[in-house]
Structures are given as C-alpha cells and as structure tokens.
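In this document, chain identifiers A, B and C correspond to the written order of the chains, with residue numbering beginning at 1 in each.
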Amino acid sequence: MRSYRKELWFELPSRRGFVNITPQVAACLRESGIQEGFILCNAMHITASVFINDDECGLHADLEKWLEQLAPEKPHSQYQHNGYEDNADAHLKRQIMGREVVVAISGGRLDLGPWEQLFYGEFDGMRRKRVLVKIIGE
Amino acid sequence: MRSYRKELWFELPSRRGFVNITPQVAACLRESGIQEGFILCNAMHITASVFINDDECGLHADLEKWLEQLAPEKPHSQYQHNGYEDNADAHLKRQIMGREVVVAISGGRLDLGPWEQLFYGEFDGMRRKRVLVKIIGE
Amino acid sequence: MRSYRKELWFELPSRRGFVNITPQVAACLRESGIQEGFILCNAMHITASVFINDDECGLHADLEKWLEQLAPEKPHSQYQHNGYEDNADAHLKRQIMGREVVVAISGGRLDLGPWEQLFYGEFDGMRRKRVLVKIIGE
C-alpha cells in the first residue's frame, strides 16, 4: 500500500465563498502515481467544508442564501459561542455542508460522476486556512 | 491491497424516493472476496444521496416532509439555479442527506450496527442515475 | 495492508449530549501500530452521530438549540415514525450532524487541524450504544 499527503492553502477575500478545487486535487492524484484506492479531502478547520456539488454560479448563490436562512450570521449575539468570537454561524453552516469527501480512484483518475466537482466551502474567511489531501492505494 | 468497482443503476418513477440498497451492496462485497477494508458507496449525481438510516416507512415519510420544509421544491422561481433547470431544491436536499457513506468491512461482511441500512436517496428522479461501489482491502 | 477494529461503548444520562472521543480514538490508533492510512469512526446507531467540530461549551449549547429548531423533538405526534417510538427527531438530527468521519493517519498520528476534535453526538440516550473504530493502512 502506498500513501500520499498534501496540504492545499486558501485565503479568501470575503467571509464566505466557494472555490472549485477539482483541478488541484486531480494534480495531487497524478503526483501520487496511485492507480486504485481512495482519496480523502477534508477541511482542517471547523468553520470550512469540502463538498461535492455543481459548478454553477446560480446554485452557489442559492446555497449562500439557503445557509443564511438555516444558520444566520447575525445578530452575532444570538449564539453563546460568540463571546470572544463572531463565527458560530460558520460552525453550523459547515455541519450542513460537511467536513470531508472520500472519492474513489480508478485507473489513476478521480472516479467522479459527470457533474461532480469538489469545492472548498469557506464560512469564516479573510485568513489562511488549509485542506488536507490524503491518498491511499496502489 | 485489492480493489473492486461496480456501478448500480436506478430509475425511479417519481421525483423523490428512497431505495434500500443494502442487499445489492452486500452482493458487491461477496463478489469482491475482500475480507478486511473499507467500502465507499456514493451517488455519482449531485441531486441524489447515499445515506444510512432506518428502513421504516413512517420515518421515510417524515424525511420527505422535513426536507420539503428545509428546502422546498416550489415555487421553482425562488432559486437562481432554476433558469434552465427546476431542480435546485434537489441539490440542497442532497447536502443535508450527504453524498456518500464509508462502511467498514470486517470478516468479509458489512460491519453495520443492528438497524443500519444503506439507502439511495433520489431527489430528481424519472431518469437513469448511478451509485458507485468501490472497495479496497484484502 | 493491516487492519484494526474496536467498539467504543457509551451510555449518556440524558437524551442528548456530546462527548469528546478524540483521546479514545487516538488510543485505538496507538494500539493498532498503523503509521499511514485511514481511520473510520462511525455511530453504529441511527439516532447518534460521530462528527468533528470545536470543543467549546458555548458552541455545544448553540448546536443543541439549533438542532431543536431544525428538527424539534416535540410534539412527538408530529412524526409518523413515532407510532411505537418517540425518537423520530433523533433520526433527523443525526442526518444534519452526519454518521461518520474519516480521518487521515500520517506518521502514526491522527492528521487533524489545530481545533479539530472528534465527538460522539447522542440524540436518543439513556441506553448503551456503540461507535465503531476501524483502521486500515500500514
């Protein structure tokens, strides 16, 4: 069994946003040389997410609006976590969007369906944050 | 390390529905001959889900009603994604239900708790769609 | 490839609660001796969760309040599942919080970000329930 590890770094200019990381993750896979296995891709921060959905800007606007309805940022005082922080909503939004994805590797490629794209979801940005890419296989 | 791959195809007659896929996934595992490892089971479409919960029709009715409250299908015009599409709600519902499950394989069997069953969750049906079953182990 | 399996048992004195299981999972990893691989940690019950978030009591109070808003326990009669049961809300809450996490193992350690901690999330407690820890790697 072989393994591979890389960290991808992000610093978004806004509090919230989505970044398509599929090309970067595919580049990690090529670098690893692994042909059959699993790739784990997870946010290393608890106010961010890695998820798979559509790369369509209308949907991303819908996700932003929907997450704000389910776990509104403001007023900050509605959350007990926000004594010294203001990011409780980001912790909740990330529970809906998920921490990680596991993707199959088949024939040296990400084994994705036709519209599946990997995204970094940021809910408390304007600082440097990381995604872990770990691959195991042969 | 050995690996195994299979696609399971579905075409549900309604827009939304849940299908217990545990027997099909267990059959994949037997076919693979793998005794110890992990099985990844994921929707290959971004308007569908693979999840683990109870095989109880009352709960499935509760899930349908609850998801419609959290991410209503109609009016279609409430979502920016619905310019050429009408399925934005399906993309949101699938975020709640999740894309994938990873299940342990122990002694050649799915290592599930007493009531755990795997389901395909369809949120934009009436078309042919796929689930990927990928197994790695020994 | 090596593998390791252990069950962790819990019996919470209340219906709902969160338990930091990071030390127990790290002990499993040390016992396994595995240096590179993946660790799967999943609830074996469909009214419980394993998730990763912050070990901060204000946030845990926010999560409890938020989950009760999204999937209220009472009135029990609002759910079809609650004919012979009273825990439909627990099945829904666990869909938001997730069944499982997969964590990378690098250099014999849980490859976690600075604030990532693993939790057992109980939504229908006061009974003995299990978490599965399964590790594969080398």
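Some notes on this structure:
One rule holds in what follows: a contact is a pair of C-beta atoms (placed from the backbone, for glycine too) under 8 Å apart; a residue touches a chain by one contact, two chains touch by 3 or more.
In this text the structure is predicted, and so the values were computed from the model without any measurement.
By the residue-number overlap criterion, the interface of subunit B with subunit C counts as different, with under half of its numbers used by both chains. Fitting subunit A to subunit B on CA positions gives a rotation angle of 120°, reported to the nearest 5. Chain centres here are Cα means. That of subunit B falls 20 Å from that of subunit C. Under the contact definition stated at the top, the residues of subunit A that touch 2 or more other chains are 1, 38, 70, 96, 98, 102, 136. In the complex of the two chains, the subunit C residues touching subunit A come out as 1, 36-38, 51-54, 56-59, 61-63, 66, 70, 96-98, 101-104, 106, 111-116, 136-138. Within the complex formed with subunit A, the residues of subunit B that make contact are 1, 3, 5, 38, 40, 42-46, 70-71, 79-83, 88, 91-92, 94-96, 98-100, 102, 130, 132, 134, 136.
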